[in-house]
Structures are given as C-alpha cells and as structure tokens.
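Right after this note come the structures.
Two complexes, one shared chain (chain A), two partners (chain B, chain C).
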Partner chain A sequence: MTEVSPIIDVRNLSMKFDRVKGFRRSVIGQVVAVDDVSFTVNEGETLALVGESGSGKTTTGRCLVRAIEPSAGNVFYRQGDSSVDVLALERRELNEVRRKMRMVFQDPFASLNPRMTVEQLIAEPLYINNVVSDRTEARAKVAELLEMVQLDPQLMSRYPHTFSGGQRQRIAIARTLSLEPQVVIADEPVSALDVSIQAQILNLLKELQRERQLTYLFISHDLAVVRYQSDRIAIMYLGRIVEISTRDEIFERPLHPYTQLLLASSPIPDPRMKRIRPETIGEVPDPANRPSGCAFNTRCPYATDICRSEVPQLKESGTAGEAHLVACHLWEAVELSQRPLEALDGS
Partner chain B sequence: MMDDLPLLEVVDLSVTFSSREGEVFAVDKVSFSLFPNEVLGVVGESGSGKSVTSLSILRVLPASSRIANGSIFFRDEGRTIELANVDSESEPVRSVRGRRISMIFQEPMSAFSPLHTIGNQIGEAIALHNLPPGLSRSQRKLEVRKQTIDLLASVGMPTPEQLIDSYPHELSGGMRQRALIAMGLACHPSILIADEPTTALDVTLQSQVIALLSRLRSEQEMSIIFITHNLGVIAEIADRVLVMYLGREMETASVDDLFHNPKHPYTRALIRSMPTIAGTLDTLIPIEGTVPSPNNLPTGCRFQTRCPERVDGLCNVHEPVSIEIEPGHRVACFLSGSPVPQGGTND
Partner chain C sequence: MTQATTLAQDAEQGTSTAAKLEIDVASPSQIFRWKFMRHRLAVVSLIFLAAMYVMATFAEFVAPYNPYAIESSLVLAPPQPVHFIDSSGAFQARPFVYALKKSIDVNTGRITYYEDVTKPLPLGLFVQGDPYEFLGFIPWDVHLFGTQSGEVYSPLGKDQLGRDLFSRIVFGGRISLTLGFIGVFVGFFSGLILGGIAGLRGGWFDFILIRITEVLTSIPTLPIWLALAVALPQDWTVLQTYLAVTIILALFGVVSGASRTVRGKFMSLKEEGYVQAAVLDGAGTGRIIRRYLFPNFFSYQIADLTLAIPGMILAETALSFLGLGLQPPAISWGVLLQDCRAVRVLDTAPWLFIPAVFVVVVILAFNFIGDGLRDAADPYSRV
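And now, the complex of A and B:
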C-alpha cells in the first residue's frame, strides 16, 4: 500500500437526526448517527465498515452519495487529477458523481420494483443517463450486463418475483454496474441470502472488482465475511470509527477493546475452537443516549475515569509498518492483555 | 448420552402443504431422536423444512398444512405420548404444548403482544400450567409474580422487580430476547425448541444468548432443539446436528464429526462455502445453482442438481435413504453407502 492516492476522502462527516415527538412532530432532541468520521478509500481496494446496529455504518455509506444529506463534513471524490467535494455539489454535478458512485442494498426483495421486468430494471439507469437511445441498444447492453453477473440474458423479460434471492442480488448488481461506476457502496449485500448462496455473490463481487478495477466500500456486521472481502477494515461503534487498519492487522492485532469483543463474540464454525462466552457483556446503548467520553466505556472491561469524561481521538498506534489507527485512551495497556484469536489457533 | 432412552423420537415424519400446484412435501420422511439434556442443532437453508419440523412437534402447523405420515413419540414422566396422530387440540397435545415442550422464536418484537406487560405474558403460562393446587385468588397472583421474577432473574435480567411491569417496547433488544427465553422456560419444559433465536441479534448479543442457553440447559436439565442456518452458531452450542435440505435429512452426526468428518457432499459443500474468522484464508467455494422450488423437486437425490460429486444415472434416478455408517452418524448418500435400489424404480 505505497503512495496510493485515495479516491474517496471523508473528513469530519457528521449526521444528526432530529428526534421528534407527537403529532406535531416537535423536536425533542438529536440522535448523532455519525459523529465526526474521517477515513479514506484507495482506488481499487475494498474498505469494510463494520459495526453492530446503531453504529452508523449504513448512514455513513448513504451520506457519501447524499442519499441522506449529512449535517457536516466533506466527502472528496477524486476524478483524474482534480477532486470535488460531493457535499458541496449542485444537483447536476451531483448526478455526475452519482453515476460513478453507486449502491447495492441488502435486501434484493425490497430493492427491485416488482412491477418492472429485469430488462426495465437494468435499462432504467441507462435511459436516464442517455447511455442508450433505443430499445435494441438497451437490450444488447442489458444482455451483456446479465452475462456479466452470470445470468441467462433470455430471462430479461421476467419479473423479479420469479427469481431466487441470489439471482435477484445478481440483478441488483447488474443494475448497479450498468453505468460503469468506479466506486460501489455495498450495504450488507449478502446478509439476506441463504448460506449456500452467499459465497457465490461474494466471489462475484470480487471477480467484478478485478475485471473492472472497482473500489468497494463494503458495509457489514459480519467479521467473517469482511475477512474474505476487504483489504482494510474500519470498526464503528455508536457513530464513530474506533479502529481502522489493514485486514491482517485488525484480525491479528486488534487494539481496541470493542474490536476484541467483536472478534471474541463471532462464532467460529469449528466445535474444537469453542470459547467460553461471557453471559453478560451488555449491549449497544441507545444512540440517542450516548455515554459521555468514550461511547464504549459502559461495556469496556478496562474503562477508567478518563474514558468516562474524554472522547478518545483516532490516533496512529505507530507500532506497525501499516497504518493502524485506534481511538482508545488505554490501548497500549489493553493490547497486551488480550489476543482473542491467537490463543485459539494454538488449540 | 446414547445409553439413555431418547426423550423425543420423530419417525418418518412427512408434512405436506396444499398449494395451487397440489400437495407439496415440506418435510419428507424425516427421522431423528433427541436425548435428555442434549442440544440438537437443526441446520438448513430456506425451504429445508427445519421450522416446519419443529412446528409439527408442537402441532401448531398453519392451516394449509398437515402431517401426512409418521409418528412423534415423547417420553415424559414415565409415559410415552404420541403427538403426530392425534387431534392437534386433544388432551395429550395440550398437556405437552407450552408446558413440557415449549418454543421460542426469532423475532422477540412479534412474539410478544405490545398491549400487555412482560410480566403478564410470562405469568399467563405459569398461571395456566404451573401453580400448586388449592391457592386462593390473591395467593395465586402473588405466586405467579414471584415465579415470574425468579424466571427473569434466571435469564440474567438485571432488575427483574422493575422489568416485570414494563411493556415489550420499553425493553432493549437484548432484554426482550431474554424475556422471550424466560417465557419459554416458564413451566420448566423438558424440551425447548429455539427457532433461529439469535438470527435477528447483533453478534455481541448473539454470543450472550448462546452462553445463556448453554447455562440454562445444564442447570435445568433440559434438552434443546436449536434451529438455525448458521453453522458457526451450531458449532458453539450443539452436541449433535441434523442437516436438512429440501425437506429431507441429509446427515446426522455429532457436532465434532459433522465439522471434522462430514460425509454428505451437501454438508461438505456448506462448510467449504462458509467464511470464518479463524483458520486459513482459502477462497470460498460456493455451491452452484439455487435451491430448487419444492413444487418442482429434482428427480433422485434432492441435492443432485447442485452436487459436485453427482454420479449420473444413479443420483439423478434414485433417491438415497438414510443409513447409519457409524454409531450415531447417519447419511443419505449413495457415495457413503446408501443402498442402491435394484430394478430401477424411481422412488
């Protein structure tokens, strides 16, 4: 990872939602879904955003294409030598950027309009963006896209309900890639699929990335999936990034106690690696009632006074060859005490 | 464990659903046993019949379906009760359902009524099944409340005296799941059927629920049928595992054999296709194709259309029956020794 200039550079992104009450929807407070988040995505790599519900991972992804308008921050998107701040763009320019940065959603049952045929679904963005001008051209392009996702082009006149979940996700991917984007934001793209289908879609995403030099922002709650898909990983907790580094660093040398907890909680499909599971480690607090200081302090076994009063900033841990940033006051002390997976591999 | 008589024996169970295309087998000649104080994992993808199997044990199948064949024997308090061939509202079924065999579901929000307090809903089962005779009205009320508080405490609720009077929406996801488990345990059942109890939960919560169920199983000497599609969770909690595919039993084995000596090509393929957080990072090998529709089952073995080890002229002609290849290890596959029928009949 030498001197790659980032294609996406997110700086101090925040998203606050109003909490409203009653019929008149009067504002009674705010939920900070994303709080001062900064990260970069390099061209051609996969960066995973990992977190549990309420971590703000989905909101972050959506803010990048302004599917929801963030409250503050910058999202620089580089095209060639120049870069633009997506959050400052006018409508027309924004649409240009949105052709280049596109989303794949979790649930292929909800993301495809049931009243449109596969042809219409995939051709829609092509017409809107004047990539094709007539139906013959559109059909040729749709056939090509269906072949790319390994579906039979003859099925293009069918409706989504005649397809299985995995096939629908392929259709959604074909639609996403129809405008030849550079960046794909994939929000839990396999969570709704059967186990035997997940690997198909994960491999397809990888293949497409190689063929088309795509850059992925891969949003997921599943560390096992992320381990296979990503080059770098950012761990989020209650709206903030708590740790970010390369995949190997995160798995072999997790520094943040929350990352360690996530790793220790993820089930391993091998009964010989069974671990003792604590029965009470609490759960993610309500994002509307975020603990002061480090948001993880209510569940952290190491928390001290400073953790309850001061928000830790994301800092370079400075010990690895790779960049490894962690937001914890105590990581140096914590690091030595726990290496959840290393202990297991010895068994 | 094998020396004991099984608590539950399901023999050749078939369940059909009536649909426009006629009768469809959701479960087809499935047999298994559950031993005292054992966790049996039932794994399968959608359409495998894993949930329908458990609904038939409690005789709470939807109206469009019926038990077409088979028996379910339940040994309890020195007698054996047959549950499959009696009316679903008959006395033997009612004496067992909810009292000796109870069930918890995936979505705690929909399993509880929003209109009643947690305490009232859990207390209902206690009042119905679990009170000593001869109490006055007010004594009954006190006794129910006392038992409910004890239950909530046993599932790790921090302040049961207060939580007993809260409504489901006031609880966090984790507390709701614990309350649901408490409801399932209200009458100290000898069998708890847990249908995807951790699927909707965040991973740190899933880990706690696994720990909780493992503890309750040993404390209360109860057996658990744990239904899930997640092999990681199975490896953590199950003693033995039944693998189902399209309504048929594919393989039954101890959890160690299933992961370290899997015999059925489907089991092997599932394990190869699953991402994991530990061990080597091999490429995932997906299972090709999609799960066929139950309306249009493949000829021969149900899995042959996707099986990498298929033998043409055998697997696509005859359906293998399950045989015991080692004590406690059953497989339905010609390659593992299922008898090949002579004469070429297609059944």
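And now, the complex of A and C:
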C-alpha cells in the first residue's frame, strides 16, 4: 500500500464527565464517555464510527471540533504540510479549523433555526466568516449550493417547517458545505429519515465526496448504512475502539466478539441466509460503572480471568494484507470459532 | 381576519393551491398572526383594550368633567338614565336625560334624588364644557359628550363629594392601565438580563439568582407589599409614589418570574441543534442571542407577559383599596374603590362599585389576549 498521511490523527482522546452531587457539587464519580481513543482518518476516505447508543461515538465526533471540550488527548489536523493540534488552539484559530472541519447533525428538524429562511440559513456561515459581503453575492452562492444538493433554488425564501425531513437534511448539507470544508463529520445523518429517503441522502453524500474530494467521519449505528457508505470501520464499545479495519475485513472476518455480536444482530435482507448468533449475556453496563479489564467481559461468551483483570490494547492482528486492529486478548481463539453467516442451502 | 379564516378553511379542504402556497412561504411571525386572528375572543379583547387605552390617553376629552370638580349640590347623586321617549310618550331621535331634583327627609336628613320630567336635557356629541388642556398643552373646552345646554349630566353618578364618577374612572384608567404595562416592562427587562446571564453562563451567578428568586416567591406577597408601601415617604408626590409602587409590585411578581422563565428557556435553547451549529459556524455570543435565542423564545414570553399584567393591576387595586398604595388626590381604580369600604355606601350609593366592573372586564380582556397569544405561539397547533 502507498504511504497515505492521515488528515486527522486522533491520539489518546478521552472525555470524562464529572458526576456531582448535592449543594457543594462534590464530585462523586466520573462517566467515561470516551476512553483513550486513537485513530486516523485518511484524506478522501470515509471512516465509519460504529457502536450502540452510549458507546461514545457521537461524543468522539463532537470532541474533534470541540463542540464539547475533551478532557485529554490530541487531535492533529493536517493542513498542507503542517499539522495543528485542534485541542490546543485559541478561539480564532479554532474557528479557522472549524471552517475546514464541519458537522452534519442527526436531526434535521432540530439543526435548522425555525426562524430563518433557507436563504438565511445557508448564507449564515458565509456572512459570519466574511466569505460574502452583500446579499446579491450571498443569494447567488445559496442558489448554487441548493442546486448542488438537488433542491430548487426558488424555494430559498421558504422557512424550514415547509420541508420534509429529507429536504431539510439536504439544506443542512448545503449549509455544511457552504464553507468548502475538507472534512465532514456526519453524526447519524440519515437515522432520523425514512428508509426510502436514506438512500437518496447517502448517494448525495457519496456524490459530493467524489466531486469535492471530501473526507468523511461517518457516525452511525446502522450496519447496513455503514456497509454501503464507508471505506474503513471503527467499532466502539463503552467509549473504547475495540476493532478497526477496512469495511470488507470487518464484515467478512470480524475478530472481536462484540463485532461478531453486532453483525449477528443486524438483519440481512436475504431469506436464504441464516444467522449463527453468538451467545451473549446481559445488558450494556453503565458507563459510570465500567467493568474492570475488558469492558465487554460481562457479556462475552469467551471471557476468561485475563479479560476481567487486564484492559486489552488495540493491536495489529497481522492476519491479512490489510491493517486490522483488534482489542481482545483472545481474538485468535474467537476467530476460529465464529463465522457470522452460513448459507442454508449451501449455495 | 377574513383572509386568515379562508386560508384555514382551504387548508382543511385541501382545495386551493394558491392558499396552500401562501402558507408555504409564510414566515413564523405571519403564522403567529394568523393563528391569533382566529381566536375571536382575543381579537375582541384586543380591540376593547385598545379603546380603553385611547380613552385613558384622551381622558380630558372623553371625560365630561374635571375629575376633581366638586358639585356640592349633587353629593351621591345616582346615575342618570338615558331616555328616548319623553313624558308625553313621543319618541325623540336625540337621546336626553332628565335633570335631577332632590328632596330632603326632614326627620332623617336623608337626600333622595328623582328625575324632573319637566326638564329634559338633550344630549350631544362634542359639546362645550369645562376648559382643559388637550394633550396637556392645547387649550380646549370641547368634550366627547354632554348636555347641549351645559347642565349637569353624570352617566355613572356622583361620589361623596359630588365629583363625577365616570370622569374619575376615565382618569383613573391612566394609572391603573399603565401601571401594569410599565411594571411588566421594567420587570421583564430586568428579568431578561438576569435570567439571560444565568441561563447562558450558569455557574455561581445562576445558583445565587435561583436561590434569591426562590426566597422571593416563597414570601407571602401581601405582607411584603404592605411593609414596602408603608416605607414610602409620606411627602412624595403622586408620580413618585406611583413609580415606587410599580417597581415594588414588579420586583416581586414579574422579575422573579421572568428571570426564571428566561433562564430556563435560554438553558434549553442553547442545547438546541441549531444553536450548536451556529457556534460551530463561528457565530459570537451576541449574534447567537440576537438571531437564535431571542426570536425563538419571544413568542412564548409575550404570552407570559400579557398574563402577568392583570396580576399587577389587581395588586395595585388591592393595595390602593387598603389605603396603602396610591392615596388621594391620585386617582386610580383602586383609589376609587376606597369609597366602597363603608357599609353605608353599599346601601345608599351602589354605583360607587362601578370601578370594580372596569377592573374585572379589563383583567378578563388581558387574560383572553394572553390565551390567544399562547395558542398562537404553540408550535403544535394547526395553522
């Protein structure tokens, strides 16, 4: 493989929320939403961050642009030859980075100000960042952006309440891309939409990525969407990345028992196929009260003593040509015992 | 109004595409107006209150007499009914009243008034009467209505000193109707600043503010008003007392209420997706407050404030009735009701209660408007 330098390099990112109690606000514990997470995103690729609710995937995405301030770690963002640590920037430099690294939010009903017209909504980032100076210029740019997301520019004088969910998400995308970013952090961009609309938005995102050489960090819980959309996948469980590799590797050779559970619990649209469900027990533990050792040990069918005492580090499995990192003490044993799919009629 | 109703009907039937299009391009404030206009009672109340405020503004013109003018021969004279049919049974196109005659019971000294049917007094609009200064600086002597001959006509009777009650009510409206408004205005802006800082910044300021408002709202209001009203210096002018009473009432009712609601609304709004998105766009705090927080909470707040005005009016009435708010010679509806504290008055001059009717009707009107505004601001109600 050619040497690709990552555009985003996240190192040891942690986000801990204090739990306070009583009048004096004394700290009685911590909720670790993101725990020592490291990953890289290469230029032009789509990295999917997958996990169930509470796994810290959204928090991780928000920490990258400091929508919330992480407690520890570094986020290196490469611009040309130099790179900056986003978490160490002053406000003005941070705003510069935020122009290049933009977010698309999950709920298009909440992310658009109901008191602004589409024109005002899309032009707002342009005015704030002094990209345009007068209304004529802004309108021309807004019309161009609306055409880009396949909406009729004549609708720009309307308010968001007159649009459907899919149309609103298009407006949100136009707004996000108005500042010509390099990186788009898409936080569950289609999960609030009807399935029939999801495909349209996903295709639009793909098309825009091709046209504008965008890099996506795609946060989702929906494996079908992720399989369609991403180049690489990182699986998160209780604030830690447990496995990270290319899409095909993850779907064909999942190494971590949790990944196997995830794959097994998502429906497959093929009646001839049958799932072999790995046996898991229990519920997702409370993030405020994490199990010691491997966080998954309370539900893992293979857990042994070492899983309960020692936190497994993300390590190269070295099983294939492509990079495949897994955080499991027992992955070699697990891999042999599990195959997620089995054809019923042998075809 | 008609436009809004037809729009609504069209939308229900799903027929008129033109009307539908109009809803599509409507701004939130247009939709707010349409929804308010559909609330009949609120619209009627709004017109009524507007008329009341116009009346109070042009009190010198609307009132037939100077509110301080004493007619000693007509102490506690009853309201004079308007007639259209004269003593001979003939219909008169021009309404008239009869002059009052009085008889004194020699044993009890009690005065009884009765209509002198031999002396009809035709009424007219824009008649000449007491001279006054229109709007405070234009000398004039024309009044809205009165007898053409210039004889005394008291539509709502006379008080214990022979002063015209209707004129006094009209002038009293100046204080009673504006006190609520000014109080709510003052209270709302202080509440906006305090609650805004608390809601946006949080931390110790928020903590202290909330504790203070909790204490303020848990103190029984009447004793605290009494204490503060008694503390007002006796030698203050009417205007000074008026402003002081307003601020006392606003402080305890509106400021604590408004700062809490503003705080809560700001706290929830700043977590909204679109506010977060604006922060990531690089918008400064001022822009976020101006373009994102304010427009989104103002429609709720305006309904709240309208509903707070009646509380202020009632409080002033109650305080003045007890003799602790405004004092004569100031005229407010509460001051007028002070005359009703004597049982004798109830028996001999029940019309002195009429100011209470004005209080009730005005408060009802404010409540209806508040309801209309609240419904209009409700995002879940249909257009």
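Annotations
Please note the rule applied: the second predicted complex is superposed on the first by the 324 of 347 C-alpha atoms of A that agree within 3 Å, B and C clash if a C-alpha of one lies under 4 Å from a C-alpha of the other, contacts with A are read in each partner's own complex, and residues count from 1 in each chain.
We take it that a residue touches a chain if its C-beta (ideal position, glycine included) is under 8 Å from a C-beta of that chain, and two chains touch if they have at least 3 such contacts.
Only a predicted model underlies this, so the values are computations on that prediction, with no experimental measurement involved.
Judged by the touch definition given at the top, the superposed model places A:S53 against chain B, while chain C stays out of reach.
Residue contacts after overlaying the shared chain place A:S265 against chain B, while chain C stays out of touching range.
Of the two partner chains placed by superposition, only chain C is touched by A:D107; chain B is not.
In the superposition on chain A, A:R99 makes contact with chain C only, while chain B stays out of contact range.
For chain A, the partner touching the most residues, choosing from chain B and chain C, is B. Once the two complexes are overlaid on the shared chain, A:Y228 sits against chain B while remaining clear of chain C. Within the superposed three-chain model, A:V284 lies in touch with chain B and out of touch with chain C [touch as defined at top].
Contacts of A:S164 after superposition on the shared chain: chain B is touched, whereas chain C is not. When the two structures are aligned on the shared chain, A:A323 is found in touch with neither chain B nor chain C. In the superposed model, A:L202 lies in contact with chain B only, and not with chain C. Within chain A, no residue touches chain B in one complex and chain C in the other. Listed in rising order, the residues of chain A touching chain C in the complex are 65, 67, 95, 98-99, 102-103, 105, 107, 110-117, 124-125, 128-129, 157-159, 161-162, 175. Contact residues of chain A toward chain B in the complex are 52-53, 164, 166-167, 194-200, 202-203, 221-225, 227-228, 251, 261-274, 277-284, 286, 341, 344-345. Within the complex formed with chain A, the chain B residues making contact are 45-46, 156, 172-174, 202-208, 210-212, 214-215, 229-236, 255-256, 259-260, 269-271, 273-279, 281, 283-288, 290-291, 306.
Listed in rising order, the residues of chain C touching chain A in the complex are 23-28, 272-274, 276-283, 287, 291-292, 295-296.
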